[in-house]
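In the two assemblies presented below, chain A is common to both, partnered first by chain B and then by chain C.
Showing the complex of A and B:
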């Protein structure tokens, strides 16, 4: 009873305070409003400066890609081209055409494989738990953190011994396998939220595990497939280290071909930038269309670098 | 684990059976016992990861204890000789020092700028998603893309020196990546540019999970503006700060692509950090065994950070 009273008086006090504040603030209302506006102006200015700093390298790069060699030395690096030219893009496309096709192929396939495998692993680790499944999960997760530099020599030897050095299969195999830890993590955290009762209901209806996965779990997981897919596609597409070690002249991934094209004796910056832009195009597309899902993946798996 | 070994036994059984006779009956059996297929895929995945991660690590350690030098592999056991050589090697110490300097510049800057941007974006900004998306854009790009963009920024007649001239700061013009004294800082700066949007995203998500009631309580107590953040919100997002810290730490121990394209580890050894040294030694001078020794050391350093991190993260669940 007494505590109730105390509460009531406290509430009254707060209300009093608020009233007083209202009266008080009306006197200094104009001043505080001006202060508020100045604060907002500064805030937006800082944000816009940060935006400009973020965009400058990209802007300058894209502008350079539309300049001729002569234009490049005449105009400032931030200015748009005097007459836009597509020559650098034509050159870069000729150089990168096959590698880009290669990259699209193996990136797509490796993304699909690693997502399917990760989905099945996530399913087993949440819905078909066994003794030690958490340990297995932790051991898998540890794979995300592996610095690839510390296994490049065994990896190189293995790929060479398998006879798939410098082929598409090397890239598909390596990216699928090293993608499993990450995709398993993503799918596992999603499948944990699927209620057990749903599985049990399907079981009592006589569905086998395969049927449960195919008819129940798989159709329920477009979201994690998109999130894991976008995440995998970007990281596989952006990879350079594996491309550098496991491929040569026969099967060039785009990242490797770009570095070959740009690393020539004489740097033609307009061509390099056009190539860079062509190579980034799929990522930019994904970022614009599916950015939301990429952010989800980045947040969930905040670990890959 | 028992189950796994059981599964492995099953696979072995199946293999043996397959050798004996490959009849239709067995195939039917497998499809009837459909648990097996899912588990077979799962076990295959586990074996693949075990092989490509754990076996490779062991293999790498084994290589690091041989005298393999040059294109033809030799397997003479030399014990810890390569590790002793590493401790005497100025290249190792230079790259370790560079790595530490890089971490000391890169990690705090990214965290401070990321947190700063997150706090700014938390002020009910109009078009917040536009700002957020553009800040994050550099992180989505490949490291080799950003490396070329920054090479173009850093070269002597490049964008940064041009902008300095534009603002009448010509005296500050520098050879950003060809001067060994500042190259490492330039590299760090560019990577802060690429990462701070990502760190911002982590912090922004964390700030949004601070219960509204805590913030209101603090506001009633008179906390506002900067003090609301330093006293109430930042202490509540410790976990995310820790996560961001670990992410940046691990990245700075495996950063390769960006530096390799931008500076090649040069000029001289100025921007050579451990991952670059590992690659250079193995694939440029064919010192495979010695490179493996440094790679193993690198792996151990990463694990010293990761294992406590995972322990803390999963103990809570």
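Showing the complex of A and C:
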């Protein structure tokens, strides 16, 4: 930078400072500043209250999980444990071990199936349009708004007649099918942004429908797979109603087992809270690991879709 | 490589005819251009040849092999036609490296690894992109992407090449080189290329045959010089050439043994070589004359039209001169200015051999039937 330029910017800075001081000292500015501070104070107070309301149950849950049975009845739910113990965790792990393994299994498989099926549906509905494809899509999306409760009895009868009541396959089948509308919607909006010419190029390059999906569409979809996958995993993991209706003593999902822990004559809150903590770990883990991609995927959908 | 025959092809979108009974014969080894304004049906024709769209009527043959027939409800899938296509946006697979992009069609037909490697490398080398093989499409410039798209098309040695405005995304300077390169490639490989463009310069400079389409119909098919010098009708005459052909309304008259055109503001005598028009009297016509065939003189000669120079546009190598005829502006192109200035009074004559006369009603060129392609 030449000396001339330096001088010029310096003068400009001086003028700015002078102006700034003038604005600072003016009455109007002071009034507007006070208004701003009041606004901030109100806003932060509201936020702090919201934060407390959100965090207190979590805090109390974690604290309880580290307390002995005696400690639990002696101290306030908000107080930290007098002697922290891992007993509740050991107990909860013993209780929930098999149900957690069950849940991880069927949730993972159902997530994979529903995402794959949604991806294929999305591909077909955007890139291989056929007569009535819009109607099919409309009917599919209606599925999103269908409340679980309304289909529970026919669903139960169907599953029982299929002979898979109280097995892992019942949960996999139901969640895979129930996930298709949502995943199709997600994948469809992403695939809309893939240019038609890529598909045409693949066709003229000799690729059939299967090859186009396998070699082109699928490798282009990591982002929607993360978004749909996280969404599906969370909602399948958290499901209680299907677990309650379609499983029994033979195949116990974690959500169901957890509620059983709290459902005895006398609830050991420390054990239940430790169980809850174990139960929420997989979801936490997923969000920590995939959070970055999830944001990217959501943004991609928001901008392009 | 086979000939491509298109018979009575009709494609409708709703009530609109995108193609209205198209007939074309594309010979082996041609660089065949489909030229026309946007929405004329040229890309629809190309996509029909590729099998990407199904026409409502008509047939397409590759040699003796029927690939599309609406009447027999038969359409061979694009992947079975052994064609290759280059798209306007290149359509390079974004998740694959250049190598894998070029190898894509070969992998589909399950060639051996060594064979794929060899063919990809040879093709890349012939297009000068062998250094880019490990790059992703994101890391390539427009010109490089276009070469990758070309390489992917060439590598599988297809029956027919289809190109959908492959140069329109390049900048003007690069386009000039790419044009020459494509022409060289066509000569070297001796392949049939069907090439869609809306750019008449591309069409005239590259094509061995040009088909001009308008509103789903073929206006004219012919060699570039025939298209330029003997446009079959008013549309072709106006579409080809830049600046466009000058058009003036007039009436053919027979006076004192001469044939002349009454242009309203003046009468212009035609040379007596034009036998065919001698019988026509009081026929409404449109006179067409290309800017380079308008001759300007400062001296008043017989059978010349008086005009004023309205504006002069220097184009570097030549000058475009807008001439004010009172009711009409004509454009002339001159290589040398010869001390002409804006506002000068000049006298125009037309190069008699280059005069085009179009029937006002049918818009057909009255002389066109004298020529055979």
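We take it that the second predicted complex is superposed on the first by the 255 of 305 C-alpha atoms of A that agree within 3 Å, B and C clash if a C-alpha of one lies under 4 Å from a C-alpha of the other, contacts with A are read in each partner's own complex, and residues count from 1 in each chain.
Rule of thumb we're sticking to: contacts are C-beta pairs under 8 Å (C-beta built on N, C-alpha and C of every residue); 3 or more make two chains touch, one makes a residue touch a chain.
It should be emphasised that the depicted structure is a prediction, and the values quoted were computed from it without experimental measurement.
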Checklist entry - Sharing chain A, do chain B and chain C clash or fit in the superposition? => result fit
Checklist entry - In the superposed arrangement, does A:52 touch chain B (first), chain C (second), both or neither? => result neither
Checklist entry - Just chain B (first), just chain C (second), both, or neither: which does A:283 touch? => result first
Next on the checklist: Applying the document's definition of touch, where does A:219 land relative to chain B and chain C: first, second, both, or neither?
Outcome noted: second
Checklist entry - Does chain B (first) or chain C (second) touch A:41, or do both, or does neither? => result neither
Checklist entry - If you stack the two complexes on chain A, which partner ends up touching A:204: first (chain B), second (chain C), both, or neither? => result second
Next on the checklist: Under the stated touch criterion, which partner chain does A:195 make contact with: chain B (first), chain C (second), both, or neither?
Outcome noted: second
Checklist entry - Counting residues of chain A in contact, which comes out ahead: chain B or chain C? => result B
Item to check | Minimum Cα separation, chain C to chain B, after superposition on A (Å) | outcome: 10
Checklist entry - Just which bits of chain A does chain B share with chain C as contact spots? => result 208, 211
Next on the checklist: Using the touch definition from the top, list the residues of chain C that touch chain A in their complex.
Outcome noted: 47, 50-52, 77-79, 81-85, 87-89, 91, 93-96, 104-105, 107-109, 152, 156, 162
Next on the checklist: Please output the residues of chain A touching chain C within their complex, sorted ascending.
Outcome noted: 195, 197-198, 200-208, 211, 215-216, 219-220
Checklist entry - Can you list the chain A residues touching chain B in their complex? => result 14, 43-44, 46-47, 50-51, 53-58, 60-61, 64, 76-78, 117, 120-121, 123-124, 128, 130-133, 135-136, 138-143, 145-155, 157-158, 174, 177-178, 180-181, 184, 208-211, 213, 234, 237-241, 245, 255, 258-259, 262, 269, 272-273, 276, 279-280, 283, 286-287, 291, 294-295, 298-299, 302-303, 305
Checklist entry - Can you list the chain B residues touching chain A in their complex? => result 1-4, 34-35, 37-39, 41-42, 45-46, 48-50, 52-57, 59-60, 63, 73, 117, 120-121, 123, 125, 131, 133-146, 148-150, 152-153, 158-159, 162-163, 193, 197-198, 201-202, 205, 220, 243-244, 246-247, 250-251, 253-257, 260-261, 274-275, 278-279, 282-283, 288, 291-292, 295-296, 298-299, 302-303, 306-307, 310, 314
